[in-house]
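Let me begin by handing over the structure; questions about it come next.
Should a chain be cited, it is by its letter among A, B, C and D, assigned in written order, with residues numbered from 1 in that chain.
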Amino acid sequence: MEREEVHSGWRHELHTIIYEADTPAGKIFDITLVVLIVLSVMLVMLESIKGIDAKFHQPLLILEWVVTIFFTFEYFARIISIKKPFKYIFSFYGMVDLLSTLPLYLSYFFVGSQALIAVRALRLLRIFRILKLVKFLGEASQLRAALKASRAKIAVFIYVVVILSIIMGTIMYLIEGDEAGFTSIPRSIYWTIVTLTTVGYGDIAPQTNLGQFIATVIMILGYGIIAVPTGIVTVEFSKYGKNRNSGNAIVHTNTQCCPSCAAEGHRDGAKYCYNCGDHL
Amino acid sequence: MEREEVHSGWRHELHTIIYEADTPAGKIFDITLVVLIVLSVMLVMLESIKGIDAKFHQPLLILEWVVTIFFTFEYFARIISIKKPFKYIFSFYGMVDLLSTLPLYLSYFFVGSQALIAVRALRLLRIFRILKLVKFLGEASQLRAALKASRAKIAVFIYVVVILSIIMGTIMYLIEGDEAGFTSIPRSIYWTIVTLTTVGYGDIAPQTNLGQFIATVIMILGYGIIAVPTGIVTVEFSKYGKNRNSGNAIVHTNTQCCPSCAAEGHRDGAKYCYNCGDHL
Amino acid sequence: MEREEVHSGWRHELHTIIYEADTPAGKIFDITLVVLIVLSVMLVMLESIKGIDAKFHQPLLILEWVVTIFFTFEYFARIISIKKPFKYIFSFYGMVDLLSTLPLYLSYFFVGSQALIAVRALRLLRIFRILKLVKFLGEASQLRAALKASRAKIAVFIYVVVILSIIMGTIMYLIEGDEAGFTSIPRSIYWTIVTLTTVGYGDIAPQTNLGQFIATVIMILGYGIIAVPTGIVTVEFSKYGKNRNSGNAIVHTNTQCCPSCAAEGHRDGAKYCYNCGDHL
Amino acid sequence: MEREEVHSGWRHELHTIIYEADTPAGKIFDITLVVLIVLSVMLVMLESIKGIDAKFHQPLLILEWVVTIFFTFEYFARIISIKKPFKYIFSFYGMVDLLSTLPLYLSYFFVGSQALIAVRALRLLRIFRILKLVKFLGEASQLRAALKASRAKIAVFIYVVVILSIIMGTIMYLIEGDEAGFTSIPRSIYWTIVTLTTVGYGDIAPQTNLGQFIATVIMILGYGIIAVPTGIVTVEFSKYGKNRNSGNAIVHTNTQCCPSCAAEGHRDGAKYCYNCGDHL
């Protein structure tokens, strides 16, 4: 496959290492990245356990700094080595990479910045691509397509469920009152959804006979209602499955990544990026 | 589209504003209505939270009056501007509009009238139409058609589940007795349905070995039984989906509303109401 | 439809009243029976509520005697008016009718005879036939056929789930121990099934980190496993639905009942019982 | 069916008894084995119940020894009577047979060896074959094939669910804090999965309004998400069902077992093992 020198030499090399996985250096980089992403998520978890944080606060903080510095370098390397850096910066992965690197820096300035650590888990999505799980990517996009097609039906369904929950929640609030834990309508709605989705914590439970009877009705309703999204999704899946089998729909994608805009999922043998038209 | 002067001038204009959404005035009216419906539901919720009601009782009551007065005017305007007012008054939406307006007035005469506020949430269904969610309306009617077709099967299913629950509830009452919370057969039936639908609050739970064994059987039964409504609905959905794709079944509907009977869902280009035969 | 005098006159008339619903007397008998069956189930429930039983013990007992005596007469009338009484006595409904009549008589001799009252709820199944819900009977038999066809698959499935529950239960018993409520392996298996079926009472819940991790695995397993019976039943339903639509499979049944063996579900226009070959 | 003398006489006879079920001796052996496998699982359960173990420790231990010695002899008999013993030893059933025999012996040397008793339940899988449930085996392999085909999709699905749980768990940890039981991020993730899978123990439950709102979102998400594996599996099942009906796919298998490698599931009338090529 011919490829022009799109950047100066070292930049191109950096691009090959970071964005692709065909060279030995690229593979080592990818494996390091997977390990550090998993490590960074583990660190957040371990720090939150009081006993562990008390004993190992120092080593955990050091590891956190190691991970953060690696991610910082990686972030800037990604920006430098790409032709259209803003495409990367404002892409989904670009935002995730930035937000999952910031918390440690910000923790010296703001108190609430810890909230950003939740974003870090999204980096785990990168592992799909890194581990060459192209086959799985295909499956994922199949799932996504089926869910997208049934989006409108599911929206209608959820809207109706919410209205039903508000009505049932209000009724239960009027029947049960404070003693059973139905202290306000929002709380009763919370209980109704807990019941309708068959979660059933039991932190709030009806005490009166009438309340228990209505709860029974809600449960049987929920039993029937759960069939609806399943039916919708199954039908979409079965449509999608048929289309896929019936002809020319299968396009093999590869792990290559556009040097300009970092778009992924190019067809095998593609010469130009489907997204920005640049030479691959 | 030609349209005769069905009413005197102002009445017709009022009809265009209230029942349709094609003019600027109609759009402003619709948006106001959506905001006030959502507000009215929010008010009911906020009033039920003790802390908030204690602090903001006065402003909440004023807002409640504003909403109620608007709804009152809207209700009478709807009656005046339609050719066959009784069709509207006794329609589903007509009843909902009336019942969700009354609570504040009735609260000065009766104590239990608060129960009507639960009806107010049903007004949220109007938002479907107001927001021109015609596409979604199509989806909703699709769902409705599939559920209607599987109604008989689901009725049989629920009847069998209820009989099963009575039998299992009676057995558990005889086995477990008062200590475990199975204080009466209705309560045991309540527990059986909680278990069969996989809700599982845990407020009542079997303590004896035999009771736990039977509970296990009920759970596995429930696991299998949940497959039945799902299977029914899925098959209906897939039938419906096929019919829709196979030909001339798709009819585009619009947001227009019959000036005589307020029926909705007319075909694009329809000249006469499919419901009362009047000129649109 | 010609019909020979199969019994002496009054016996035949009794048969028409009890087993069929085409004459006014038969209809009155059927409605009385429905009312008394529902009443008898209600009585059992009300007696079990301490407060109500304390206040209304006497009237409840009298009503119980009324129902029992009616059922006793009905049982003997059914035996007398049929040509082959043993067919009825040993049929499913015959056993249910006997067992739901006995408890009150036996309560004077044995203490545990109350357990038979659970059988009474099975009489509710008769209502299907009495209320001429032939259409629903068709639906029920459709459900039954689909469930029967998927019986083997569901048996395999449940067997595998039970083995899985024993293994997981044993592991959780070894990990969690007594403090968290996992006091024995059967109890741990009970917990595993509570979790796997997504019931989740919370009366027993893992406390250790390892226990919670394994619980998480069991839940996600359960999440996937619940798909299996649903998939099986859906596929059977969809097969059945297709067969029904594709031709000569629909046979209209009626509410007639064989005077010899009390078999139901004869085809419209059938002259001989499909079960015992007798003239209808 | 001709069969050469593959071993010396007694070895061949032993093979016929242990691995096949066509002779009276083989049937007696199989039934004994089923009884002892079930007994061995029951023993493990009974020993774990304190009350029973305290009373019947001695007889339970003796029975445990009887079972263990039988299993030991059976294990060596299986090795001796097969031509390629290593094929058996390293097969799934070989490992299970060994591990479920060891615990009693090891309990004299190691303390933690009890953990192996969980393996014993896997021996219950043998009952499928022993009871000539070939028909059921077919069903099981059908289930297995469908699950295998949807493996990739389910893996993607579970991976996404895990990432979602980590994100939601972290958010809930930050919102709820220690009072409500969200003492660490792993514990919050545990709670998220408990909620998302609709298990809902209630040992941990959100207390704040914001926490309850997010919990509501997670539940409705879980409600929708549960549709995904069901949809996947249903579509696979329906594909498989179609293939099976459309032609030459049905191959009748029998309970025979290769004397060389103990492979099962040979076609009726097969002369050579499909696995090792030996004469059956």
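Criterion: a contact is a pair of C-beta atoms (placed from the backbone, for glycine too) under 8 Å apart; a residue touches a chain by one contact, two chains touch by 3 or more.
The UniProt protein names, listed by chain, are A, B, C, D = Ion transport protein.
The structure displayed is predicted, hence computed values, not measured ones.
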Of B-D and A-B, whichever chain pair has more C-beta contact pairs: A-B
Chain pair equivalent in interface to C-D, over half of contacts matched, among A-C, B-D or A-D: A-D
Type of chain B (Ion transport protein):chain C (Ion transport protein) copy interface by residue overlap (half), same or different: different
Centre-of-Cα separation between chain B (Ion transport protein) and chain A (Ion transport protein), whole angstrom: 33
Whole-Å gap separating chain B (Ion transport protein) and chain D (Ion transport protein), where each centre is the average of the chain's CA atoms: 46
Overlap residues in chain A (Ion transport protein), where contacts from two or more other chains coincide: 186, 189, 198-202, 226, 230, 232, 234, 238
Complex contact set, residues of chain D (Ion transport protein) against chain B (Ion transport protein): 198-202, 230, 234
Interface residues, chain B (Ion transport protein) side, partner chain A (Ion transport protein) - complex: 41, 44-45, 48-50, 114-115, 117-119, 121-122, 124-125, 128, 135-136, 139-140, 142-143, 146-147, 154, 158, 161, 186-187, 189-190, 193-194, 197-203, 226, 229-230, 232-234, 236-238, 241
Complex contacts: residues of chain B (Ion transport protein) adjacent to chain C (Ion transport protein): 152-153, 155-157, 159-160, 163, 166-167, 170-171, 173-174, 183-186, 189, 195, 198-202, 205, 209, 212-213, 215-216, 219-220, 222-224, 226-228, 230-232, 234-235, 238-239
